[in-house]
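Next come two complexes, and both contain chain A; in the first it sits with chain B, in the second with chain C.
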Partner chain A sequence: MASSSGNDDDLTIPRAAINKMIKETLPNVRVANDARELVVNCCTEFIHLISSEANEICNKSEKKTISPEHVINALESLGFGSYIAEVKDVLQECKTVALKRRKASSRLENLGIPEEELLRQQQELFAKARQQQAELAQQEWLQMQQAAQQAQLAAASASSAQQAGSSQDEDEEDDM
Partner chain B sequence: MPGQKRKYNVRFPPGRIKKIMQKDTEVGRIASAVPIIISKALEMFLRSFLTMTCKITQSRNSRVMSINHMKQCIHSEKLFDFLKDLADQASTASTSECKCQSHFYSIICENAQVPGKKMKADTVPL
Partner chain C sequence: MSDANMEEKVEQATSSKTISLPISRVRLIMKSSPDVSCINQDALFLTTKATELFVQHLALSSFKNGSGKETNTLSYSDLANVAEETETFQFLTDILPKKILAREYLKSLEEMKKEDGNL
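Up next, the complex of A and B:
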């Protein structure tokens, strides 16, 4: 979302998502507005809690990137071990989706035609194009030449017609 | 982001979660699956928190879940210790049934801001 309003510092889970969660968890309960606001802030606190613990666990391992394993261990050490089973299910879904995406992109790349063949076809097309260009250029050159010749002939006949009028005197002089 | 439907079946936006995580300058790189599983954990946490608070709401014969009920829930459960500061910062709702109680509670909270002073709020019935 390209929105100029809203600083980075007001980073919270969207209120609409919280309202939906409340509605689905407590279908017939009315919840005060300031209580909803507290829930939004509790989310941020929870995220920081897990992140911080996972980060510490990550630092102790030789890894530089916080991994799902680090998060799972964090949940355990913070007392949220009962969440781990369902969290692992979601993790499995992630891996499956990622795998499908990788397979799909490699299938698209091949499309049944091996790369060398595609390359060969490309070279062929280039050669053909070059040839066509060359032929076109030659044609144009010939046309230009012909046009030039015709122009020369036309100019020559015009001037010789002029010369015909005074050519006698000139010829006699030349002979001498 | 244009035209992105839910890629994974999680309720809260992983992009937003990642940004919140990275507000902490100690946090460095994050694997892409991480915000997604945190979304799930968050969902489970909220379900637990809301359900527990609802029990308090019902025990008080109240029609509306208020911020006071949530505060009580936070203070009654060790698992929610990390929310204690947040609860104390949040303003106490004044209801017609317990105006004097919430006044009493806010005095306790003022005292609690003195460093080193133990908060008695845990033992004060709301």
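Up next, the complex of A and C:
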């Protein structure tokens, strides 16, 4: 629904939202399409009506921002006083929900560990791990060295024993 | 489901404590009103909910007052009629003129001409 003219008056509540409300209010009633379109436009008209009235009340009170009080007075003076009780209830509910959300998020921030601390702890763990790895590697290397030395010694003694044995044989042959 | 049950369900749905209309859109429409400057967030909530109640009120009144009760329908003329007959909805008559048939319009034009002729 692109509006190239950008005309503010083309602003309306989305048709789907209105259809849903009509359906909930008048279940099982068939509503003509042009009637639905009309309700959409009536909504815009209603919002303008309330805004203008509330704005006037606001101007008279010399405040710059339209407050809930101004809207409630506007509803009363325009004959929609019957809406006031329910509308006030919803406002209370909205505030309670917003308050709960704020409390929940601040509690979480207090219990949790701040990000910098978490990073520091992570670095510490990495460093520790690297050190352990290095020590382990060194140990293994030493063990290998020792094993290699032992193997060398063992091999050396074995070969010298063999040499001694073979030279004896040679002597015997010469004598015959 | 009995009528009483149905009415209860409708009441529950209509007196919900939440807002179903898009608040940002309502804000845009409010700001497009001439001279409206700053709107407090709570005032916006109130207006949005009031608009919801308005839709429900308009739909229900039009249906109850209208001619479609037996056939379970709601027509354009039901809405136009209730706007004309109910004081609080009279602000709507600007945007929903009662549709009249073309021939009726022509007839009334002719009658006006005749009256002019007699003068």
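Quick notes on this one:
As a working rule, the second predicted complex is superposed on the first by the 101 of 176 C-alpha atoms of A that agree within 3 Å, B and C clash if a C-alpha of one lies under 4 Å from a C-alpha of the other, contacts with A are read in each partner's own complex, and residues count from 1 in each chain.
Everything that follows uses one rule, which is that a residue touches a chain if its C-beta (ideal position, glycine included) is under 8 Å from a C-beta of that chain, and two chains touch if they have at least 3 such contacts.
On a predicted model such as this, the values are computed, not experimentally measured, just so you know.
If you put the two complexes together on chain A, you find that chain B and chain C bump into each other.
Once the two complexes are laid over each other on the shared chain, residue contacts for A:P27 go to chain C alone; chain B is not touched.
Touch criterion not met for A:L136: it reaches neither chain B nor chain C. Legend: residue contacts after superposition of the two complexes on their common chain; A:A17 is shown touching both chain B and chain C. Look at A:T44: by the touch rule set out above, it reaches both chain B and chain C.
Overlaid on A, the two complexes show chain B and chain C touching the same residues of chain A, namely 8, 11-14, 17-18, 20-22, 25-26, 29-32, 34-35, 38-39, 41-52, 54-55, 64-68, 71-72, 75, 79-80, 83, 86-87, 90-91, 93-95.
Those residues of chain A that touch chain B in the shared complex are 1, 8, 11-14, 17-18, 20-22, 25-26, 29-32, 34-35, 37-39, 41-52, 54-55, 64-68, 71-72, 75, 79-80, 83, 86-87, 90-91, 93-95, 97-98. Interface residues of chain B facing chain A in the complex, by the touch rule stated above, are 1, 7-13, 16-17, 19-21, 23-24, 26-34, 36-47, 49-51, 54, 57, 63-67, 69-70, 78-79, 82-83, 86-87, 90-91, 93.
Chain A makes touch with chain C in their complex at residues 8-9, 11-14, 17-18, 20-22, 24-32, 34-35, 38-39, 41-52, 54-55, 64-68, 70-72, 75, 78-80, 83, 86-91, 93-95.
Taken together, the chain C residues at the contact with chain A in this complex read 6, 9-10, 13-15, 17-22, 25-26, 28-30, 32-40, 42-43, 45-47, 49-60, 63, 68, 71-76, 78-79, 87-88, 91-92, 94-96.
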